[in-house]
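There are structures below to look over.
Next, two complexes with subunit A in common: one pairs it with subunit B, the other with subunit C.
Here is the complex of A and B:
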């Protein structure tokens, strides 16, 4: 074992020892125990591993994180306010802990459950079944195991068969306490019954100066012909580390549409894993990321077509406006029997400054012949002629550049169906490019 | 080990026409690998002390290395102790001084392969260096080249005759520490080709090396070094074949190219090592490290490869674009059928300003073949206005094969522009139907469509090679459709 690996072990040991024994129900203790065992067996994370080739974790390991205490917290009025024009059912977590008094869950349709993982003990079997089934999955690594070894909270959402939700469900994660580096480990579970339809919005943010590691693990289970639209806005504190690992389980003819907007965190990584095991399912992943000074933003996507007639797409666009690094690793695998697959993958990057870096790796792995598959990537800068054109029409350079960046991302923004949300994201992009893009 | 006309005919039917064994007495070192073997190889070649030191240094480093596992290949375990690292046709006395003294059996064998060694009959304008197993057996047109100041000889000879050039450049592009197979090559390489084009000289004819593995249980470890001084130009061709055998044979070569200011090196390969039979028995394991350094400004290196043979191909001809305005090109057709596996592609490392690179890769998979493109495009922070375009297309014939694309793109300069496109599809039924309705047989139709698919690459090959490559492709795909 090398010194680096030894340090990693010690870091984990310290975290696990620092965590109080779970006071929760028995199934939770079982999940913790199983995950601790897995932690022992999993190999250490290393830049030599393909999945971590471009994403170092040294800064993470240098920090001594502690789990946040269970306590009621409050938010300032402006933090509490919902997005303008957006009406949702809300689950609010402050400093990693669920806050029922800040959440808004009135008027949910019959049979729909939205709440914290622990407060819904009746559904523990679902969680357990899923988490155990997935545990041996391909993408388990130290951080997902760490999540399960410590998680005692998280969002639990269940929409029964045939129910179509009129309003989006919103999960808000806000960190306010800058007194210690927190380790936040939400374990989320979203279950959609047959033909159920829902929209889910996740927002992650932290007050300036807060330092924490958000190590989230989410299972999304879609029943036959269910539809889920999933927006994620990662706007963490610039001193935070953020990892979201999402695992998608889709029944026949179900459709998942996910879009992530990443602005914040010094180090962030989003993992999205889908395996198609039933015909006619669709999975569309998209994302827009802005990378500024000192930031690392990483997307790792893996879509596996194991059966015929599924469709998938991955469309990601990034703007690097500061000395940061963007990492994109997308894979489409089409197994031997997955004929008539339709899969497309694209990643485009705009690099506006010197000393930034883009590492992109779009991969196709295809074992069937009757398929439509393609991928494309590009890295470039703004077209000086376009900037000149806008300037000749009287726009200041900054505004011209900002407009072109928005134009670059516009096709993905337009895919956001909810108008209020789209406005919010657009203005965040504008803001970010004004404040820091220069 | 006789090769009668009948067996040759059988082999042609089996789809590999170069599967015969040359019946010639060979001088072979017994299998095994240790420092003594390396000393013996070096002694047999009468090498100077510095060369032996270089080999031993590489060998000691190799012992600390692990074979690479990252490629998308099912690799058999290779027993490095079961391989013989040196095998050469027995020399008569001092070795041939001119072609007249070369064993007529050898000349006959090369004629059979379509490589005439006798100069008067040779294709006008192509000089050939023929390498059999571990050594170069003949080099043609040497005098004519010498007039132009071009050095074209075997590596062993270069080590003796031009030690300062070899010492200066050997390992300068591919150091012995580079990778497992390159390191092994540095320790045990037996021969290869050395080319030196002096300043301002345009090489008067195409240069070519023909590699042939003959002896059983041997490995071929050749080393090629091409140095093009400022303003010079050279086009170099390489072809390879091997007899059909049930066991795998190892081929681990290293090719280094150095291009100075305004120099242009064009390197073309038609690789047709024995691919193994339909069940995947036997065949050549082809692990090759090829790398070119565009050292001077405005230099240009172009790789063109047609890979139809080998059981396993692991090969990434690369360009390091160090000089400002230098150009790197990679054109590749890789075909896998039967149980063949290929993991091939390129690396374009842009360091200088205004450097440009083009990658065109066409992968064709048939039968149970697995074909992988793996490529890296890196734009270093100083690579102002660097430009790359990559195009990777895969064609699948049949539903048991696989086509994979793993591009790596790393950009550290905002003025650099990188584009990568890839598609995967099967042979279009509409196009096939159209051709057939015009009276073409199914096989002709497939061959026409596949040749069309590869056209962008074939047109980069020198004319004689392009014809051979097309023929080879047709032969390789015969019976793959239906």
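Here is the complex of A and C:
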């Protein structure tokens, strides 16, 4: 065992020993035990592995994370306020712990469950137990297994067949306590029945100065012809680490549309996987990321077409405005039998500074012959002609550059159906882009 | 000299290089308040370069001379400061801005200029009214207001969009660089009407053009011939007609002899 591997093992052991055994249902204990076993068997993360080639984990391993205590916490009025103009059903987690008193769940339609993983209602019928068991284990690595070894909270959402939700469901994660480096391990599960339709918004943020590792794992299970629109706003503390691992399970004719906006965290990684095993399903993944000084922002996407007549896309755009690094590893695989597939893959990057770095690896692997596929990738700069044109109309240089950056991402922003959310994201982009002249 | 006689724009012995090549080689030009000046001249003579130097484009290096705009040293000002001071350049080749909505762009521009002048931003209702009126005047379809700036516009639509921006920004000095090129006679008339509607004793224009045609609709106070980086001759509108008849050759000949 190399020294690096030894360090990983010790880091893990310290974490697992420090974690008190959670009181809770038996299935949870089983999940923990299974994950601990998996941790023993999983190979350590290594830069030699393709999935981790550009994404170092040294800063994570150097930190002694601890699970946050179960406790009621409060938020300042401005933290508690919903996004302006956005009415949602809301689950609020503070410092990794579910806060029923801050959540808003009144008036949910009959049969819809929106709750915490531990709440009694959610594991009625043992449904949760079986779902978690089914979902576990794929695409596993150190951090997803760590999530399942420790997770005793998370969001549980179930929308019964045929139900169409009028309002979005929102999962808000806020970290307020800067007294220790927390390890936050939400295990989320979203189940949509046949023809069910919902919009899910996840927001992650932390007060300035908070240090934590958000190690989230989410399963999204879409029944036949179900539709899920999923927005994720990663606006973590600049000293935080954020990992979101999302796994999709899509029945025939289901449609998933996801868009991640990444602004925060010193280190962030989004993993998203789906395998089409039933015809007529669609999966559209998109993202906009802003990378500034000292930030690393990583997307690892994997969509596999195993059957005919599915559609997928991966469209990601990044603006690098400081000395940071973006990693894009997007794969779409079209197997031999997946005829009449429609798949599009693109990654475009705008470099506003010289010393930023982008490692982009779009992979479109096609083994079928009757397909509609395209891919494209670019790394470019702002056009000085465009900047001058705007300045000649009176816009200060910084404003001109900002407007052009928003223009660069405009197609993805316009795809946000909810206007209040779109405004929020746009204004966060404006605030986040700290642009020096020249 | 009395205050009223001080020209709005005063260019003295202007030399400028682009990519190390001297393109402007000693320009002198005064534009008085409320005057319309036409600058004509063969391709490559430095007309666009002069317009870019006035607007403050990077890469156009002034190696000698000075430019005063309302008594201020223009060469020390950033492009956006010049815009706020009241200078507008209608581009020979308007720039496309993918992803930037035309209406948003206009609004940002107007409010940026207002902020720079210490004025309040324009409210949404007034803005909409103004935009609609201006678009109608320059004959720009409403649908183009909702599109991205100049993206997918025809040549004529781009030029109309420049005039629309001018109408919205209400500059003190508008420099229109070949706004008439490539336009049919109807479009030309619309643009000329747009300019004429803005003519006032407080507003000056520099029209860069190849054709006498535009000057039938916008009658200039002065006409200048710019060739090989210098103003070879200045006169009244009759000079434009003479150029139309004789071309530029006779003037270039004079230069060669001189």
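The criterion applied here is as follows: the second predicted complex is superposed on the first by the 414 of 438 C-alpha atoms of A that agree within 3 Å, B and C clash if a C-alpha of one lies under 4 Å from a C-alpha of the other, contacts with A are read in each partner's own complex, and residues count from 1 in each chain.
Throughout what follows, a contact is a pair of C-beta atoms (placed from the backbone, for glycine too) under 8 Å apart; a residue touches a chain by one contact, two chains touch by 3 or more.
Please read these numbers as outputs of a predicted model, since none were measured by experiment.
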Original post:
After superposition on the shared chain, which partner residues are touched by A:404: those of subunit B (first), subunit C (second), both, or neither?
Top reply: second
Original post:
Between subunit B (first) and subunit C (second), which does A:159 come into contact with in this model arrangement: first, second, both, or neither?
Top reply: neither
**OP:** Answer with first, second, both or neither: which of subunit B and subunit C does A:366 touch in the superposed model?
**Re:** first
Subject >> Which partner, subunit B or subunit C, touches more subunit A residues >> reply: B
Original post:
For A:390, is the partner it touches subunit B (first), subunit C (second), both, or none of the two (neither)?
Top reply: second
Original post:
So, A:376: does it touch subunit B (first), subunit C (second), both, or neither?
Top reply: first
**OP:** Return the residues of subunit A at which the contacts from subunit B and from subunit C coincide.
**Re:** none
Subject >> Contact footprint of subunit B on subunit A as seen in their complex >> reply: 50, 320, 336, 339, 349, 351-381
Subject >> Residues on subunit C engaged by subunit A in the complex (per definition of touch) >> reply: 55-58, 78-80, 82-84, 88-89, 91, 94-101, 104-105, 108-110, 112-113, 116, 148, 165, 169
Original post:
In the complex of these two chains, what residues of subunit B are touching subunit A?
Top reply: 70, 72, 379, 381, 394, 396-426
**OP:** Write out the stretch or stretches of subunit A touching subunit C in their complex.
**Re:** 384-386, 388-397, 399-400, 403-404, 406-411
